[in-house]
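Each structure below is given as structure tokens.
Look for chain A in each of the two complexes below; its partner is chain B in the first and chain C in the second.
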Partner chain A sequence: MKILVAVKQVAALDEDFTIRAGGRDVDEDYLLHDLNEWDDYSLEEAVKIKEAAAQPAEAAAQPVEVVVVTVAPDRADESLRKCLAKGADRAIRIWDEAVAGSDPIAIARILAAAARQESPAMLFAGVQSSDQAFATTGIAAAAFLGWPHAAVVSSLAYAPGAARAVLRRELEGGLLQEVEIQCPAVLSIQLGINTPRYASLRSIKQAAAKPIEVKSLSDVGLGAADVGEAGSASRVRRMLIPDKGRAQLIEGDAPAQARRLAEIIREFKGGAP
Partner chain B sequence: MSRADAVTRILFEAFPTAEVRLFYGIAYAAIAVFLWGVYVQVRKYRRGAPLRLEGGLGGRVADMTAKVLSHRTVQRRDPAAGGAHRLIFYGFLLLFLGTATITLQYDILEPLFGIRFWQGWFYLLFSLVLDIAGVALLGGLLYMMYRRGWLKPPKLDYARPDRSPGDADFERPQYRREDWAFLWVLLVIGFTGYLLEAARLVWLHDRQEVWDTRWWSPVGAAIAALLEAGGLGMHGGGVLRLGLWWFHGLLALAFIALIPYSKVKHIFTAAASLLVRDPRAAQRLARVPESAAAPGIAKITDLNWKQLLNLDACTKCGRCHEACPARAVGAPLSPRDVILSLREFARTTLESGAVPQAAELDVHGKSPGQIAQETLWSCRTCMACVEICPVAVEHVPIIVQMRRKLVEDGAMDPLLAKTLQTIHKTGNSFGESKRKRGSWSKSLPFKIKDARKEPVQVLWFVGDYASFDPRNQKVTQTFATLLHQAGVDFGILYDGESNAGNDVRRVGEEGLYEVLAGANIAALEGASFDTIVTTDPHSYNTIRNEYPDFGGRYEIQHYTSFLRQLFAAGRLQVARPLPLRATFHDPCHLGRFNKGYEAPRELLKLLGCELVEMGRCRDNSFCCGAGGGRIWIPDPVGAEKPAQNRIREAAAIAGLDVYVVSCPKDLTMFEDALKTTGNEGKFVVKELIELIREAVPAAQSEAALA
Partner chain C sequence: MSGLLVIAEQRRGELRPVSLELIGAAQTLKRAQDTVAVAIMAAAPSRFVQPLQLAGVDEILAVKTVSEEFDPDTFETVVAALIAERRPDVVLVAHSVDSFGYAPALAARLGLGFASDVFKAERIDGALIATRGGYGQKVNVEVDFPGRDSVLLALRANVFKPPEQAGAPRVVELAAAPVSSRSVGRGFIELAAGDDVDMTQAEFILTIGRGIGEESRVAQFRELADALGATLGCSRPIADAGWLPKSRQVGQSGKTASACKLYIAMGVSGAIQHLAGMKHIATIVAVNSDAGASIFGVAKYGIVGDIFEIAEELRRNF
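Let's look at the complex of A and B:
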């Protein structure tokens, strides 16, 4: 039995970044890539299920295979290796130049296609990615697959191979909702559901020896028209840096600061200086 | 037979042959028991991991012999106990050699070759020497009893900081019983030896060659006089002599037989431990072998034979217990108890006929003999324990190797895990962009050379704290102005530099350390320079002592010795002496690790400061608490921190103006502790660099900054 974990390599901004020519994204040179924080938790949840099933006391349980999948160019291999180091058994990376410019709907279409091939009992995704924050991909994949889904899962009770799983979802205002869901299902996993393990550099290095399965669009039965802008429901028009706020730090000793503060108040009131 | 020849040791005189045979039978049995014990111990050590020692045997033997004979390491920080131990050691040694000489003649040389030397003047002189040796032995033993029974130094309290009252191995009363049994048995052996000698004299009162020479055994002769005064006659002396002979002899044989099974074995294990000592044990940690299936120590058999030997060398003297900064602030760690726990564990698992299953060899955990995670993570790797151990037990490498296993399992504080990930991602512990590593230099009125682009004489390895911590950046800028003013041709690696890895390695994340060391060595190889200078003792230590194992061999100096040279050469001059009352905190990695005690003190003197030492200084300097990665692990709330303990020590110096540090982490730790101990305003914490800047007026070009 298999759990498929959809992961994403996210970008963080480095110091003094610039917007790329064309104005639709940040210059690659100023991006630092790492595994999406939410995906650390969804991977950990899958690996925990696998490890629990491997306990001697659980001899009757089915062995679990954890497969991570991502849609990304080869720079994401580094993040996939981290996943392998943390306990994933296989890693699949799907890429084609045509994928560039895809929105979450198009990415979800690719993930769903991969899920059909792997036919897992569960598909885990993070609630959202820390860079784009659409919180859409996992749920859209459920729609493509026609599977039930639960979003923002904060605890999970699932025996590998069971027909149903019981989970709790985090709602606004501190409420929890307990849900029973039929498998296979798509769950988007929330931060804090577990404590992700530390992958030592040694384990990451050892994971470098494990192969990463690289697939093209046609390998998962899709074509260029299904992805990129053609396959997307939305497109980025431009990226911009908001104007700087008007906050300022008033320097000097207390009397000087008070004097300056009074000045500012007078300026705002428009009174005589 | 001439008279001189007649003067000799009385041995089995008046013993029936059967009794002599009985004695030999018992003696051989005692030796057999001893040898079996030795075999079991050696088999235990051989069950440890293999290790190849560096260095020649000759040097090792000379070093060990000098330490054993001089007792230099035993008397450090406890001269009274050291002196008493010296009396016991020499008393015991001479008495043992004396007895061995008798055997040499009686059982070997005389029966085989007819050689006799145990007579005449030689015998008389030996008789005198052994009598004196006996006094030394008894005197030493009596002092040790006084010490254990009345003085009761806290370091001899076996209550463990890493266990709670009620735990099976909390107080370990069996240790105390063994200590006392050891003292009493030796005392009784020594005392009955004198009594036996006296009884023999009374018994042989009418034999001229014995009685007339009796004052060559002054103690025996004096006791004999007392016995005779008390009414003991020759016959009674004979009976007493026979009884005491057997009592003394059997007790001595039992003592010998039990050596490998009791604390007495330290006679051999301590000497052997000194023999295999690694003089750079904590400075340069061992690499994880390429072939290792898993890193670090998980099972007792992952300790190498030398480490297993170290465990048995420990005499529970408590010097490490006393020196440990973690123990001093109530953390659940005593280096002594780590060693003793593992020793008990090795004894129960590795002394039996067959080694138990792997599952029973796990040294991590909370059962008796196992070491808890919290204990291992309490260590600051400050090396105070390794440095003071009189018998060369190397605690820190064992602790770090055990941490390697914890790191592999992810068993660590979440904040530490986060920091390690950050260091992997950005190359620094602050999570700052690599590009910002040299940003501190932007506000300088001159440009610092990029050593990756042009050759420099001095390559300045800046380090994480000096690069990114705002308070330390000021010191870093000040140091740049001093170098600039002195006309030093220097440069930095900018974003080519990564965290040096010293503390990452001591956390136990060896894989990350390899990445960091590799990256820095690659960057250094790409630069052209004569020497490296750093203000960070942690970087200094690992580049100096550990990079060579990764192919990076460089000349490196800590700034204190580099600036001292600049002063000596007249390139910097003190124009405004600072008549301050100062105390100096030796950073672990500069002082204990690399013996850089003098340069900072000479600089302070040069500046005109009056240096008042704290009680714990130089090799006994008290760690600020930041070492071994502890700077990335939060200290327990409410408990005293090592830095606070240290600041309180400094605060006791009357009229102290300035607490001088020469390490970026120290500046952070102690400025914080100054505030949290309520000593702010009483004295200040300053980097030595800042004091130098005050005393050396800036040249025109630097005036803007100063």
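Let's look at the complex of A and C:
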């Protein structure tokens, strides 16, 4: 059986970035790419399930294959290699020029199409991406697949191939909800569900030999009208640099800054009952 | 298509405050010909009707569901049916954990226009424009919804003002069509207290974040907090790493620092989840080596510098 993990290469902004001509995105030269922080956790969760099934005590368990899938141009191969080094068995990257400008709903449509071809027992996605933070892709993919889904999963009990899983959703304000869900399901995985491993030098070397399969839109049965602006639920009109923070900066060297901070604390304590 | 549909939220018998903020947002988007309907789903929805009777609300839809608490299949089915019947051009939900669990699926399934974590919504020349953050909240992104007759917006909490005046909306009682849910809630679990601290009661909090770098550095800040008479708190990465108990985590999924008056954040970048529910704090001081950190956007005072050096120097003053 198979667990499919949807991952994203996210972009952080360099210190002095500019908005590119047309005003609809940041100039690409200022983007620093890396694997989404949440995806580290969803991949680790899948790899943990795979490793548990491989224990001698679990001889009856089916072997688990962990497959990562992303929708991105070839720069994302670097992030996929990272996933392969951390325990994924193979990687799929889907891209077509028409995908540019897609929102999370369009990306979810592509991921769902890929999932249909792979027919995994579970699809994991991060709760959200650290760059655009829509918290949308995984659960939207569940809708396209017609699968049950649960968002913000912070613990999971799942035996590979089981008809049901029990999980906890992390709600607001330190509250958890326990949920039993039918499988296959789409789960959006929260930070802290596990402790993601670091890739060892040996595993990084091994990852270089693992396959990254590159697919086009038509390979997953979709066309240009399903993606990009036409297939998206929103369109970026423009990007703006917001007004900088209103914090009043405490200047001077460290001792002077600390003295001023001590004053602020004393003022508070003087006024506190 | 016209009119607005607001989906209120309740959990464990309490209306979630964001529900009222959604109504406030609906008021600002409402045009002369629009009606505003507010739906609340619960096993016994009538108890939530009274607090929703606010100015600008034309109708309250009290939808009786089999399950008392949130269930994605029920919510998806009920809201889809309400949209099909009422044809609202704008549907407002909270950008909350429960909405994460059904709103994107609903938007995908019905082909709605959709944006989440929206902190500004307006009509410009008749077109609905939503603003959300991008690239870790470093830019504002304006999105529109060309060709969509109906748009679902998930609005950020603690941004939109709830209406202050009461109203006299019509109340319609409905029963949800039976749904065979593919997931079943088995109950709630309160976050176990890792130690005896109650962050919701603390008036003076010193919080540490990812910037401390290593677990061995926690001791220095624990000692500093003690010397200052502050309660030591932390941001999510510190709790996830197990360097401090989860009960010390401040932010959306941790504890709300509801009694806090002075908040010193050291090495906290200020992810939006951390900043949730901090607007009420009179004095926030941010210490961070990154002058571009989001926390400076909400702090009253900022120190751009090395947190260890500032911590050491501060300690000398007490």
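In the analysis below, the second predicted complex is superposed on the first by the 241 of 273 C-alpha atoms of A that agree within 3 Å, B and C clash if a C-alpha of one lies under 4 Å from a C-alpha of the other, contacts with A are read in each partner's own complex, and residues count from 1 in each chain.
Everything that follows uses one rule, which is that contacts are C-beta pairs under 8 Å (C-beta built on N, C-alpha and C of every residue); 3 or more make two chains touch, one makes a residue touch a chain.
Computed from a predicted structure; not experimentally measured.
By the touch criterion stated above, A:Glu15 is placed in contact with chain B and with chain C alike.
The larger set of touched chain A residues comes from C, when the choice is between chain B and chain C. By the touch criterion stated above, A:Lys205 is placed in contact with chain B alone, chain C being left untouched. Of the two partner chains placed by the overlay, only chain B lies in contact with A:Arg197; chain C stays clear of it. Of the two partner chains, chain C is the only one touched by A:Arg246; chain B is not. Contact with chain B, but none with chain C, is seen for A:Leu32 once the two complexes are overlaid on the shared chain. Contacts of A:Arg235 after superposition on the shared chain: chain C is touched, whereas chain B is not. Shared interface residues of chain A (contacting chain B in one complex, chain C in the other): 15, 195.
Those residues of chain A lying in contact with chain B across their complex are 14-16, 32, 34, 195, 197-205.
Chain A meets chain C in the complex at residues 11-13, 15, 17, 19, 26, 103-105, 108-109, 127, 130-144, 148-152, 166, 168-182, 185, 188, 190-192, 195, 229, 233-242, 244-250, 254-255, 257-259, 261-262, 264-265, 268-269, 272.
Contact residues of chain B toward chain A in the complex are 288, 295, 407-408, 410, 412, 414, 417, 420-421, 424-426, 433, 435-436, 509-512, 514-515.
Per the touch definition, chain C reaches chain A in the complex via residues 11, 69-70, 72-73, 95-98, 100-109, 111-117, 129-130, 133-146, 148, 182-191, 203-204, 228-229, 236-237, 239-241, 246-247, 249, 252-256, 261-262, 264, 272, 283, 285-287, 292, 294-306, 309-310, 313-314, 316-318.
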